[in-house]
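Questions regarding the structure given below will be posed in turn.
Note that the chains are named A, B, C, D, E, F, G and H in the order they appear, and that numbering of residues resets to 1 at the start of each chain.
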Amino acid sequence: MRDSRNVFHLAVPCIDLDEAYDFYVTGLGCKLARRYKDRITVDFFGDQLVCHKYPEKTTKDSELEMYPRHAGITFYDKNHFDDLIALVGSRKLKYYEKPFVRFEGAAEEHHSFFLIDPSNNLLEFKYYKDSRMMY
Amino acid sequence: MRDSRNVFHLAVPCIDLDEAYDFYVTGLGCKLARRYKDRITVDFFGDQLVCHKYPEKTTKDSELEMYPRHAGITFYDKNHFDDLIALVGSRKLKYYEKPFVRFEGAAEEHHSFFLIDPSNNLLEFKYYKDSRMMY
Amino acid sequence: MRDSRNVFHLAVPCIDLDEAYDFYVTGLGCKLARRYKDRITVDFFGDQLVCHKYPEKTTKDSELEMYPRHAGITFYDKNHFDDLIALVGSRKLKYYEKPFVRFEGAAEEHHSFFLIDPSNNLLEFKYYKDSRMMY
Amino acid sequence: MRDSRNVFHLAVPCIDLDEAYDFYVTGLGCKLARRYKDRITVDFFGDQLVCHKYPEKTTKDSELEMYPRHAGITFYDKNHFDDLIALVGSRKLKYYEKPFVRFEGAAEEHHSFFLIDPSNNLLEFKYYKDSRMMY
Amino acid sequence: MRDSRNVFHLAVPCIDLDEAYDFYVTGLGCKLARRYKDRITVDFFGDQLVCHKYPEKTTKDSELEMYPRHAGITFYDKNHFDDLIALVGSRKLKYYEKPFVRFEGAAEEHHSFFLIDPSNNLLEFKYYKDSRMMY
Amino acid sequence: MRDSRNVFHLAVPCIDLDEAYDFYVTGLGCKLARRYKDRITVDFFGDQLVCHKYPEKTTKDSELEMYPRHAGITFYDKNHFDDLIALVGSRKLKYYEKPFVRFEGAAEEHHSFFLIDPSNNLLEFKYYKDSRMMY
Amino acid sequence: MRDSRNVFHLAVPCIDLDEAYDFYVTGLGCKLARRYKDRITVDFFGDQLVCHKYPEKTTKDSELEMYPRHAGITFYDKNHFDDLIALVGSRKLKYYEKPFVRFEGAAEEHHSFFLIDPSNNLLEFKYYKDSRMMY
Amino acid sequence: MRDSRNVFHLAVPCIDLDEAYDFYVTGLGCKLARRYKDRITVDFFGDQLVCHKYPEKTTKDSELEMYPRHAGITFYDKNHFDDLIALVGSRKLKYYEKPFVRFEGAAEEHHSFFLIDPSNNLLEFKYYKDSRMMY
C-alpha cells in the first residue's frame, strides 16, 4: 500500500488551458487546485496532474500510440472503476480504447480502458482481479 | 488525501532494461515487481512505474528540458524527502537539478530536486512546507 | 478524503436551547458535547454544530427556502444513509423534503432528503452513487 | 474521530461567482470541484462548500456579526493552523478578526481567527490545546 | 470513532486465577498479556481486562443481577458478533442470557447476549443495526 | 491495536443522574449520548459508559478501595494524558489518587492517577513509556 | 491488529539465487527489493523475506516435514486467500499440501495450503473464518 | 506498507513449552494466544509465532550461527526499537549480539541486535534510518 499522505505528480504538455480544464474538471470530475497563466493543476483521483501550456511539445496525431507513454489510475475497488465507466458514458467522454480485458485467465488479468485528453495525452484506468498484481 | 489502496501508474520509454533496473532498483531503491522481455515494472514509492523498451521514443539529449514532461513524488514528511537526498548522495545518483527552494516566502514554497534516469526521463521530488499546497 | 482528526464546525442561531437539545440529541441521536447558558454544542455525525441562542437571528417561516442556506452530511456508505432514514421514521422526525433522487442518470446522481430543526435551520443528507461526485 | 470518507457540506449565498472563486480557490487554496451557472462547489479543507449565487440572501454589512452564523475548521495539528495563518499573510487575505486566544487557562483554551469571504460569510479557524475540547 | 491506539482497561475481582485463565484465554480466546501472583491481564477484544484475585470482593450468586454492573464489547461488524456466538457454541461457554433482540423496531435496535465468568462478572456483547446508536 | 470501530461498554451504578451528568459531561468533558429516566450514556474517551440509577448498588464509602474494581483509559500519546491532568486542575475535579509513577525503572513503568465519580466509581488513567506494556 | 508500518523479516537459506528469484518474484509475484551476490530480499506480502545463499544449510529432502519449521501469511480477507490459490493454479506453482480445511466446526476452523520453495523452505497460507483465531 | 489486518506466522521448534512461555511472554512481553499440549502460540509484536515442541529439531549449540536462519521485527518508529532495548536491559534478557550499527553511512544504515530464545532460535530486531530501506 502506498502512503495516502504523499502525492504522485505528473506534468504533461497541453495545447490550451481551457480545453484541459474542460476535459479534466468539467468532464472527468477532477478538482482544480490552481490555475496560472501557463498551467493548470488538478487533483487527479488524489494525485496531482499539471497541464503546462506547451503546444509544441504535445504528441502529434500521427505519432499517437498507446505505448510507451501513458499514465493513469489502477483502482483497488471495482465499484470505483465501474463508476468511472458510467461517468465516461453519461458525460460522453471520448474513449481512445474501450473497456477490455487483458491477460484473461492469467494471474495478471485486468480490466482496462484508455481515454485521451485534448492534447493527445493518453490515460489508462485499470482494475485487477487479484489486487497483488496491480504492480 | 489519496486512497492508499489505489495506485498511480506511469508508463515511460526506456533504452535498455538492465540500465533501467540498475537505476530504479539498485540505485533508487524501488522494488522490482515484474520483468518481461520488453519492460520492467517497479514499485516507485508506492506507485507503479513501467519502463517499456522503446529506445526510439525516448527523449533525445538535445530535446531534454525540465518542462513540460516529468513525474515524481511529493512527500508529506520532510524526513522522507531528506532520506532520499541522503540516498542520492551515498549512492552517487546523478542530479539533473540539485535541491533548491522554489517560491520562497510564498504559500507555495517548496523544496525540490530533479533526477534523470538513463533514458532521459526526468523525475522531480518535492516537499511543501504547507501540505495543502501539494496540489 | 478529509482528515478524520479535524472537525468542521458550524454555528447557527436557535430559538430555544431545550428544543435544540430535543431535536439534535434526543431526536437525531447526536451527542451533546457541552451546554452553556447561551448555547449547546453537539457532535453532529462527527463534526461540530453549535446552536447559539439568538431567536431574533433565526429564519422566519415566511423566508424559509431550501436555497441557499443549509448544511448536512454526505455519507460514503449507503447503509449509513439508510439508517438515518429509518431513524427519522421510527422517531417521527419532521421532513422538510422527503427522500428523492436528484440528477438521475447523470454522474452526479444522488439520494437526498432535508430535515428542519426547531429554529428553521435546514439540514440536508445525501448519498452519491459515484463517491467522487460528493464534492 | 469523524469518518474520513464522509463529507460535511455547507451551502451559503454569494454575490458573485468569480469573486467567490478568487477568494476560495485562488486565495484560500481550496480546490474547485465544479462550476455551474449559478454556483461553485469547492473542496474546503476536505469538506464541501457550495456558494450559490443569491446576492439578495447575503448578509448586509450593517447586519454582520460574529455570532450566531459562521463556519470553519478546527485543526487537530497546530502546524496546519499555523500554515493557514502564514497563507493569510503571504496572500494578504482579509481578517475579520485577527488570531487570538479564547478561554486562556481553561480546558477549552484555543487559538482562533476569522476570515470573511466577499459575500460576508464568516469563516472561523481554530486550534485547541486539548484535542478533546474540539467539540 | 475511538482512537485505535488507546486502550480501555477494566479491573475486576476474581476467585481463582486459573479459572479466570481458563475462561478468558482458553475459552473466550482472549490473549494473555501477563500473569503475576495476584492477577492476570488479558487482551480482551483489543482492550485490557485485569482479573485481580480478590475472592471476597466478587459478587455472590444471590446478588447477581444483569444491572447495573457489567461490561463488554459492541461490535461494528455483524460478522464479528456472529463469530463470537459460534465460538460460544463450539466451546460450550455458559450463557447468562442467550442472544436476543432489544428495542426491536426502534432506532436503538440491537442484538445482545450475556456471558458470565467464573467469578460472577457479567459480560455483554452487542451489535447495533444502526452503528450511530452504539453509544 | 484495537479496532477503532468497536466500542467497549461499561455499565456502573450511580446515585443520581444529574450528579453523574455534572461529573462526566460538564466536568470530565465526555459527550452525552443519551439520557433516559433511569440512566445516562456517555461517550467516555471513545468508549461507552452507562450510569444506571441504582443507588443501593453503589460502593459505600467504607468499602471504597482502589482494588479490585476500577476502569479507565490508557493513552498512547503522552500529550493526551497530560491534557487530562490539566483539565482536572483547571476544572478542580477531585483526585482519588494524585499522579504518580508505578514500577519506575521496570519495563512496565507508567504514569497513573485515579479520579472518583460522585457514586464512588473509581477511574484510572494511565500512560506507559513502552506502549507494548499497555496490556 | 499489527502495525502496518513495521515489517516482519525472515531469513532463510537457499541453494541458488536465480531459482529463488524465479520462485518468489516471477512465480509468487513478490517484489524484489534488493539483490546482492549472496542473497536476495523480497517484499513477501508486505513483510520481508531474505534468501541467503547457504546451500549446505537447506533442509534435505529426506528431512523435509511440515512441522515444526515453516512460515507464511494468514489473510484477513478471504478474497486475497482465493486470489493466491488462483495464482498457484495459473502459474502452476507446486503444492506441498493442497488446500484443505483444518479443525472444521471448531472456532479455530481455517483453510490452509502449503507451498515449497526450490530450497525446501515450506510456506503456509491460511484464512480463518473467525478472524480472532488468527493467532 | 503491509496490511495491518493480515498476520505473518512463523513456526519454530522448541525444547520446552514452559521455557518458551517464560522467554516470550514473561520475558519479551509477547501475549500468549493459545497453549496446547504440543505448542504455544504467541502474538509476537503483532504477528504470530508458534513454538512447536520438537526438541530434536532445534539447532544444536555447535551449529548455531547468525546466518542464514533468523527472524524478527523491523520497527518504523525508533522509540519502539529503543523501548525494546530498555526492556531487554530491565528484564535481563540475553543478547546473542548486542546493539550495533550495520552499513554506517550507506543508505541501508540500520541499528540491529539479536536475541536468542531458550531453543536456540535467533531473533533480530532492526531500525532503519531511511524507512524505505526496511526491505
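Everything that follows uses one rule, which is that a contact is a pair of C-beta atoms (placed from the backbone, for glycine too) under 8 Å apart; a residue touches a chain by one contact, two chains touch by 3 or more.
Keep in mind that this is a model prediction, so the values were computed, not measured.
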| item | value |
| --- | --- |
| Mutual neighbours - chains that touch subunit C and subunit G alike | A, B, E, F |
| For subunit H, the least number of touch steps when starting out from subunit B | 1 |
| Residue-number overlap at the subunit E/subunit F interface, same or different (half cut) | same |
| Pair of chains joined by more contacts [C-beta pairs], C-E or D-E | C-E |
| Length of the line joining the C-alpha centres of subunit B and subunit G, rounded to whole Å | 32 |
| Distance from the mean Cα position of subunit H to that of subunit D, given in whole angstrom | 50 |
| Centre-to-centre distance between subunit F and subunit D (centres being mean Cα positions), rounded to whole Å | 35 |
| Per-residue overlap in subunit F, given as positions that touch at least 2 other chains | 1-4, 29, 31, 33-34, 43, 45-46, 80, 131, 135 |
| Set of all touching chain pairs, with the criterion as stated earlier | A-B, A-C, A-D, A-G, A-H, B-C, B-D, B-G, B-H, C-D, C-E, C-F, D-E, D-F, E-F, E-G, E-H, F-G, F-H, G-H |
| Subunit C-facing residues of subunit E, complex | 1, 105-107, 129-133, 135 |
| Residue ranges of subunit E in contact with subunit G within the complex | 4, 29, 31, 45-46, 80, 83-84, 86-87, 90-91 |
| In the complex with subunit D, residue positions of subunit C that touch it | 1-14, 33-34, 41-43, 45-48, 52, 54, 57, 67-77, 80, 124, 126, 131, 134-135 |
| Subunit H to subunit A touching residues, read off their complex | 1-3 |
| Complex interface listing, subunit H residues touching subunit E | 25-26, 29, 31-35, 43 |
